[in-house]
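Structure first, then comments.
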Amino acid sequence: MKTIILAIGNSLRRDDGAAHRVLELLESQSGVFTRSLLQLAPEQSEEIAPARIVVFVDADIEPGPPRIERLPRGDPPPRSPLAHSLRPAEVVALARSLFHFTGQAYVCRVPGADFSEGEGLSGTASRNAIRAAELLRDLLYTPESR
Amino acid sequence: MSVRTLEIDGKAVTGVAGQSIFSVAWDNGIHIPRLCHVGGVSDVGACRLCMVEVEGQRKLVAACMTPVEEGMVIRTNTEQLLAHRRLIVELLFAERNHICAVCVVNGACELQDLAASLGIDHVRLRYRFPTLSVDTSHERFGLDHNRCVLCSRCIRVCDEVEGAHTWDFSGRGVNSLLISDLGEAWGESESCTSCGKCVQVCPTGALFAKGKMVSEMRKDRRFLKYIVTAREKHEWVR
Amino acid sequence: MAERIIINPVTRIEGHAKISIYLDDSGRVDSAQFHVVEFRGFEKFCQGRPFHEMPGLMSRICGICPVSHILASAKAGDHLLGVQVPPAAEKQRRLVNYAQLLQSHALSFFHLSAPDLLLGFDSPVEKRNVFGLAEKHPETARRGIRLRQFGQRIVELLGGKKIHPAWATPGGVLSAVSTDTRDEILACVPEAIDTLQKALSTMKSIMDTFHDEIEHIGNFPSLFLGTVSREGELEYYNGLIRIVDGEGNIVADGLDPLRYHTFLGEASEEWSFMKFPYYKPLGYPGGMYRVGPLARLNVARWAGTSLADRELREFKQRIRESVCQSFHYHMARLIEMLHAVERIEEIASDAELLDTHVCARAGQNRNEGIGSCEAPRGTLFHHYTVDDHGLIQKANLLIATAQNNLAINKAVEQTARRFVAGNTMTEGMLNRVEAAIRCYDPCLSCSTHAIGQMPLVVELKSSTGDVLSRIERG
Amino acid sequence: MTFEDLLEQQAKEIARQQGLRERIYCCTAAGCVSSGADAIKKAIDEEIKARGVGAEVECCGTGCMGLCSKGPLVRTQSDGTIYAAVTPEDAGALVAGQGANLLADRKLDPQADFFIKQEKIVLANSGTVDPERLSDYIAAGGYQALARAVMELTPQQVIEEVKRSGLRGRGGAGYSTGLKWELVAKQPVDTKYVVCNADEGDPGAFMDRSILEGDPHRVLEGMAIAGYAVGAQQGYIYVRGEYGLAIQRLQAAIKQAERERLLGSRIFEDNFQFRIDLRIGAGAFVCGEETALIASIEGKRGQPRQRPPYPPESGLWGKPTLLNNVETFGNIAPIVAKGGDWFATIGTPTSKGTKVFALAGKIENTGLIEVPMGTSLRTIVFEIGGGIPEGRAFKAAQTGGPSGGCIPPQFLDIPVDYESLHKIGSIMGSGGLIVMDDTSCMVDVARFFMDFCMDESCGKCIPCRAGTVQMHDILQRITKGEANENDVALLEQLAKLLRETSLCGLGQTAPNPVMSTLNYFSGEYEAHIRDHRCPAGHCVLPAAASSNREVQA
């Protein structure tokens, strides 16, 4: 019965690394495993397979409040044919069909404002990371009721 | 040696006359943040990170420069002090081009540690992106002005311990720049003995051993104590 | 009235590119362009930095093949120092380079291309992807993932971090390999070989069904450039450049990669920020050449390992008269992976790998350093000019995807000619255009250093710029 | 020289001057020199020569007469009239004693507020003695205070006198001068120093310069008395290199005083000895800070150091050092001569004596004035200063330079003293007083002073070095209409940081102009930020609408 949180993004692209900040803000808790990644690859489908809950935390270029969405079941929509990284829905779909993943999958979006080269988050991303961490606490550290 | 009894963060502690608040706190496991202080050379009180509150005193005092007094009541980590420290570190990050991800001391940098321990997740100030050079003219060492925080540790260790006084500052204010001799390239310096002490005491990756890559360099923080102890007590112990 | 189709793919950290297909007045394809529309920033970023930092910096260029950039960069550093790296260091570098090849090719083959190949180009788009593959061929999909993991694991074991291994440095590498690491690597070899042999046999069994695609997707004469050993074997780390023509004849041989600028030119086009490298003696654009898996198999006489040699012989017989077909990049990747696993086993079994002398010591002895190696997508060159104190004055990176740039353009154009008709776009047509590009598995992150998440946009435009139809994908 | 010699010289010089038909004082301070005073002095001298009246008419250059905006100024001794805007062509009339008739239109009314509302102690000799002649100073009673101190008083008595006077440091901080002297005197160390801070650096301030140029011996005498009182034998004057004339006159004055044994060894035949040397500053504002100034005299980089220890305990070369500014030393001789009690009758209960101000900005009578402490700002600006030109409205008065604040109209009636100014967010400072009218943008004023502090920060401590840069950046963006409310919040946080954590006074007080304008003129900040409008019409801002740029995806 475990929870896996995967943070995705490149911290050399400022707010693209917002997800990593969210992980730092979360207290470690037994049964919750976290991992920071530059991008998602097929092998993550095997990693998440044993989890009951998996959350993908990622920066979002769309403005707005941070939010957590449940990933719908079913096949993910078609995608760019040249990409080398996978999207959360694709990792989950692979995990379901190849590695018997039966848990719940969520995406936590952390909107950013500045994706230029460099380090450090913008104020927007930083605030959103704090809020996102709170949302994740509500989701993960209270009994599943939603 | 007369003893002074005082209170730091609610803890009763003792120090000897002449000892700094910083040092007494450190002896008692209270680690006040600092950047310009390094044990073994004189203090200058330049970074202002170790500012603490002393009850009954109107102004904050720099712990490294203030001797303990009998009955002092000191607080080292109030909200206000933490806010000040955070802003000071933010000022440093915005002042020059610190990109940890490509820095030789990434993971072993005092500035980075400070940011982490103070919970700095972003810089509210505008980055200045100054155009600064790297001096790799020295055979063994390099100086990257982009990462220099102007703490003057190198200047002091070179002057006081090695006795060469190769380093100093030129310019003033935000245009201050660490220079060797009279502004010659480090490799051309006649006074530099290539002892490397400056490199070891540098809190960031500004002074580095050449040939190191990202995250590869680790600085020897204990050598200075070794030298000073050897000098003062004639004991050669690590 | 001429029309234009634009394909606009951007993903997480990979570059931003679009494809324009110009239609003439009669609605037939006139020409095609593969644009890269982001500005290069990385070469500028390096200026003024000490060259010792370059491998670390370069590993940040690309999340896909950081190892290749680290190696080329470290080798350019070796050159600046004027040293030979210790044997153990060279073995480590080779080992990781093979591992990198393995993980990159595994992703390309099993996750990007296999759905087309195993499910068919005309199967419904919502099923013709890695999930459809997982549904229909779960064992293949699982094995593909495990194969990739094997490569990643080696990079992680030696490089420390999966994403940005900064273990190689001018003069060698940072640390020695332990016996535990070696044993772990060796234990994974049999399954990897089995996976690859199964995939090869499947691939061979279905090859004939792609007659149309083989014939019309990127099938045109061009030069092929790759690195070979002195004996003419497949070589990825340290060899000489050989160039063959579309019929397999050697055009140039024994070229020193350190002198790449004497035989390779770099043209530019205003519609793309990506360079257009060409073989100088034949001029631009006549000197178009291809690099990567197919090019390497075309220039090499032997693989140099037993299982791969058997496959290579069979492959060469099969493609005897069709060396130019881009479609065979897929098969070439499988053969290269098999070869890589054999080499990994070979190196890991060599006691010298464990030697603890892993870095040569020297000061800077030159002002210009060039490093090259074979990256998964083709030959990679790093060329640094430094001042007397080792600070980078100029960095020139010649990247595989850029070297295939002309060929990708050509392939897109040719594919479009065959499959595009009328001024609306069909799925099948779009699939083939994409497939033409996918043969080269282009990775734009190091070509362009851009970021963003933009949908794949396909636009059909008239000569006056009117958009006739538009398709967007994720 | 003995005391008797001194009195004899005084009598002789007074008699000589009284024997003249006319003594023409030509202001040769920097302000009048810049409007052509040198040519006038030369024309008068030539006129005297041409008419052959050298025995009965004398012309001498003097220090500042105060009303710089009306210069060049010339005063005739015979009737005490001051003439404004004098030209070389007027030389004939002046030498002939026809000034009252021929230059009647340029005669300044001696009953004007500018003159009668002032009270001159420090500037008493300025404009009435020739600063290049020791005998002029002696004729005015010079060096008699030193003689009294050395011959009649013990050092402790001198200190008591100074303490009783209630004199406070005129450099800006207002620390009790007597207590400071006592602190130095108490140190059980043989070698001590007296240092005069003449590194006047505030923009628009020229009080110290005028004193040094107009009455250099006054400063030397004050320092010598201090040396006697605290037990020092060596003094230094740290004067900024830009003050060429002051340096020249000080050098001449030191030489004259040494020749007459008023400085050097065995002063007034006593065992007291005291030397004074000049040290020329290289133009760093921070060297006005005492520890930086000391470092600079020692030949080091002019950077402040942590206090304590304060200079009275450990100053120059680690020795007890008395450091006062020019105007403070300028008050000493009168105090010792007339007694501390006399001095204490002038001014307010907590701020005794007078204060010299340099009036500048949008004010009719720009120039140098000296008023009793406690004079209201209104009196200074509207009576002595003659009000705002062109009938414009008074908007603010800036005191204390880059360390001070802007005082809005509602405080025009407060008495100008240390406590009152501090209470309303400004400081006395060294005496710069810049008046602003309704065309001055207060945000831009704050930006101007922050620009100054940023340039002058020494760079040693982070809050000042990097903080001034960031504060300046925010202020600049406000004036350009590129800032938002968050920036103002950040500005306030930075101000607090600098005030509470900077190493020296430069950084600690650098936020003052910002804070006082934010306090009293917050509407101007809001107008810039919210409406992209500069109420004073000074800043050029883009229209509010154009800032809503489309963000490209």
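For reference, chains read A, B, C and D in written order, and residue numbers begin at 1 within each chain.
The rule is short, and it goes like this: a contact is a pair of C-beta atoms (placed from the backbone, for glycine too) under 8 Å apart; a residue touches a chain by one contact, two chains touch by 3 or more.
These figures come from a predicted structure and were not determined experimentally.
The chain occupying the central position, as judged from C-alpha centroids, is B.
Comparing chain pairs A-C and B-D, the larger number of C-beta contacts belongs to A-C.
The centroid of the Cα atoms in subunit A and the matching centroid in subunit D are 65 Å apart. Chain geometry summary: the mean Cα position of subunit A and that of subunit C are 29 Å apart. Once the centre of each chain is set as its mean CA position, subunit C and subunit D turn out to be 75 Å apart. If you average the CA atoms of subunit B and of subunit D, the two centres end up 39 Å from each other. Residues of subunit A found to touch two or more other chains are 12, 123. Residue positions 60 of subunit C are each in touch with at least two other chains.
The set of subunit B residues touching two or more other chains comprises 101, 124. Of all possible chain pairs, the ones that touch are A-B, A-C, B-C, B-D.
Every residue of subunit A that touches subunit B in the complex is listed here, in rising order: 11-12, 21, 24, 118-123, 125-126, 129. On subunit C, the positions that touch subunit A within their shared complex are 9-14, 17, 41, 45, 60, 63-64, 107-108, 110-112, 125-127, 129-132, 134-135, 138, 141-142, 144-146, 148-149, 152, 163-164, 434-435, 437-438, 442-444, 449, 451-453, 455-456, 473-474.
Interface of subunit C with subunit B (complex): residues 48-50, 52-53, 55-57, 59-60, 166, 169-171, 174, 363, 388-391. Residues 93, 98-101, 121-124, 127 of subunit B are the ones touching subunit A in the complex. Interface residues of subunit B facing subunit C in the complex, by the touch rule stated above, are 101-102, 104, 133-137, 139, 142, 144, 185, 187, 210-216.
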